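You will see chain A twice below: alongside chain B first, and alongside chain C after that.
Moving on to the complex of A and B:
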């Protein structure tokens, strides 16, 4: 029987190891969520046990804990694929005393994104478009040979992808997707490349029973992750409150402008430039992540276009829900909940946008 | 791999013109620099100091392309340029960027140009374009205001402007000054002092944002359509190519979608404080 795209396969969780090894055999670097010391990061892995397969992330507004738990349910960390593709600090060039420009090299080996989440994939789709003219991003992106997504059978404490429509399942843009159902794993194939890989690993077509369990789990996860009103309802509400200063002053009352939300957001892409010079006469120019919640966002010499914090907070929210849509035709918020978890003040974006619905302006 | 688009060309300053207190025009020669359009901007780079986005106030195409930038010393980089950059200095330069004034689209129209203070700089190349292609445009009006007579830019060119056929040119200052024979008050007041046919007029406006909004509202009230009033906006611009994100105004990137916008396109955003 020939295997086809869109078919479902199943296997034991240990087959994920075969998948990783098959990818490594092709000379690819496999990148996934893992531990570095006791810090959860995203980086290179070489075997299944490197993955956070026996951990559960416990997330709530302003709080993140990682618990060791056999057959745990792991969602994500403060890192996202953005960290790899649109890396935090880039030296753009060095320049010598006689104005000779030395371009910096970026060696990004052919890689695989493994076990990233549906929200992460949705975020990559946004970055692909919004950073279309960014050579560095595009060069790194072109070196991602495979994307293997782990679908979420259980949303995290701050997740709301179900309301946005970016999860818990994936529909396109991946090579292989898998969902963990206890010891069994259900695999979905999204590309010809993915199909070839699945054949190598030796998976069997999924039984009706496994498929039933999968559909049940994903539907339940979708229901649980629908924690704000539907995206379109939120969009219309935000269009109405955009001019209501009172709403934004209230929403940002506890915000301290730390930009944590910007840094952990998988679609936030803004960068700022800094110049450095040393005593030898060498100078270089760097580009690094920059957040719209920081005081200088909107400041120019002589004036400030967003002098008050509520204005910058408003930009963050409106950009995610309204402006990305107008810029690239996709929601800028993928419902991953990182900005809620990593907000030191525990400001809950879900509450803010939910409150916008039905808000009577002042 | 670096962001090649962010790497500047090497430019040499060949002439510096004093315009007004803290304002100078720098003539920069750059081999093979692409020919800009009126209203576009460049990013100037001072080694080890940083970059600054400056509109192109004049240009001449050719192998040794000459671009002029009128710079006011107001921030770190511009103060450095004002104090330290002279004839023979090197500056990094990249561009030209952005959408300039829609000059082709409005051939055959009467043109109303309104400038405030340093805002005349991005309008200068436009005025030259109209003067050099006089038959392509109808009646030409220039309204230009500054705080004091001494703050007015390109004074040495006003005689040339006055020779543009079929034109009206009015100046204003905000602060009364002995010997000043023109209008005292806001430049936008001058809109009431000139005759134009709103149905056939396109307006190009650059100055402080408050002034541009007042001008736009006034023109619209007089019957000029919102999509025929063009403003050149300023925000915190860094990259110039729409990737750094810091110049966003609503869903627009000022650098790539602007800096010139029709009032119709940006009204929803510029009328909300701090958006």
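Moving on to the complex of A and C:
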């Protein structure tokens, strides 16, 4: 316990600025949630005021609003680190007229993920494993020099990481984590690199009082973010309803297969290829995100694995909750709630999986 | 690579799609060298419909002459492409379907006797088999040009059926429905336009046509409630559907 105590620091919220500057001094590009005009995006920041520190994201099924308020609580937006590491659309190689394959040069500079959320980090962990042999992803991932996580003292309207165990705090995989307790910030160090950085910025060890407040806040946040039954209970229930067609027809009755859920999900990784050519003999292959809710997904020569939408919706949910576990040993859903917020129909995954628990087939 | 013989047929439409295709072809002189255009009402005088590799059909069918013409062209072509929302779904002229024909004709033409139209508006594939569809009002000329390159090279393309939202999200556009509360038809509309309207922070009005492989009547009803709640009147919604997805509304689509 005392060793862990030594790993907690505190400082004013302004010290986040020092942290950003210290990272930039190392020649690193700092990437975070920020505003572009009035739009919340993820991209390069250079100072504390670039961060969405005075904004609150108000999320509910099918709706997202941003409110400006001093000491706001910002969770996330439509974008996630997936947008930075696993590009939505990219030419992955060209084929010259003498059939030489030329890999596309990737100019992703050494970077820092700053202020991403615990669920984002859990999603990166999933992508790291799923895309283990994807050299495009891995090359970019290797250029992430630091990960600085903001723990959540107040979950958003669609968050349920507490039930999955992927938030609102982090346990590993980060260099520095911080939590905002009013004007004070509690810092947690997760690596040697992180420790060096903290020393440079001049943080002081956290007082018992700050630590107590931190633990209280995080416990409360965990309770609030536990909006569905515990993950293992959900998994068992979904195993039971996996072949109950009626359940899935009902769950997907309002779904229009638009794939917004796939696109915004920080762990959805599927892609499709499109080949292009010009008549000079040059050809190129483009890779782009592709969602399992779309019709063509699951279509193969002459047949279709999941011709009806309820089958594809079922696949989405079972993949997240059952199959990722078998693929990579981690839950595929990190409970971020993006698929709920950004679903134009407002279909609530929490409701669907909660209903599976105790479902009696008709 | 070999030269492709092409015939281009224009039925009831505004020529906007063909213009888009012409822009794309003019920018690709190298592709034009591989196309032997044997019939194109707007470019040539020839009225003879010959055997061709590729027939491109713009427009919908509103009278029996057009129906005959399309059937002839189908028989004489190896590959038939329906170009634009008129050809694929019926197009804006479908707005008159169900109305009194004489009233409609008189609204635009002083002498209605010259106008030969049937009460129905038909998409090309309700009359003949269509091999490839490039919907859009206007269609994406670049997409067709890229496809023609593949045909010239002896290749082909498998169509990807997805909603506009897929394309919109890949472009990184913040959703106008969820973020701005604006009604947008993207979720039920086929992709292909590059999410043009959402990129200007406006809702899609469905000009690429309904994603009818998924959206059946019940889903359409559910979706209409969402856009209505966001301020689009039912009348406007139905008008957009009729204008850009007519043929798929008249088909009784099965639940996907």
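In this text, the second predicted complex is superposed on the first by the 345 of 362 C-alpha atoms of A that agree within 3 Å, B and C clash if a C-alpha of one lies under 4 Å from a C-alpha of the other, contacts with A are read in each partner's own complex, and residues count from 1 in each chain.
In the analysis below, a residue touches a chain if its C-beta (ideal position, glycine included) is under 8 Å from a C-beta of that chain, and two chains touch if they have at least 3 such contacts.
All values derive from a computational prediction rather than experimental measurement.
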### Query
Touching A:95, do we find chain B (first), chain C (second), both, or neither?
first
### Message
For A:64 in the superposed arrangement: first (chain B), second (chain C), both or neither?
### Response
second
### Task
Return first, second, both or neither, reflecting whether A:135 touches chain B, chain C, both chains, or no partner chain.
first
### Query
Counting only touches as set out at the top, which of chain B and chain C does A:314 meet: first, second, both, neither?
first
### Task
Look at A:272 in the shared chain and tell me whether it touches chain B only, chain C only, both, or neither; answer first, second, both or neither.
both
### Query
A:280 contacts which: chain B (first), chain C (second), both, neither?
second
### Query
Which of the two partners, first being chain B and second being chain C, lies in contact with A:73: first, second, both, or neither?
neither
### Message
For A:290 in the superposed arrangement: first (chain B), second (chain C), both or neither?
### Response
both
### Task
For chain A, give the residues common to its interface with chain B and its interface with chain C.
272, 274, 276-277, 290, 296, 307-308
### Task
Spell out the part of chain C that touches chain A in their complex, as residue ranges.
1, 30-31, 34, 146, 149-150, 152-153, 155, 158-163, 165-166, 169-172, 174-175, 177-179, 181, 184, 186-188, 211, 213-215, 218-219, 222-223, 226, 255-256
### Summary
In their shared complex, chain A is touched by residues of chain B numbered 1-8, 10, 47-51, 74-76, 78, 90, 92, 234-236, 238-239, 241-246, 248, 250-251, 272-275
### Residue ranges of chain A in contact with chain C within the complex
39-41, 62-65, 77-79, 83, 88-89, 253-260, 262-264, 272, 274, 276-280, 288-291, 294-296, 307-309, 341-342, 344-346
### Task
Would you pull the chain A residues touching chain B in the complex into a rising list?
90, 92-93, 95, 99, 101, 103-106, 108, 130-131, 133-136, 139, 242-243, 245, 269-277, 283, 287, 290, 296-302, 305-308, 310-311, 314-315, 318-319, 322-327
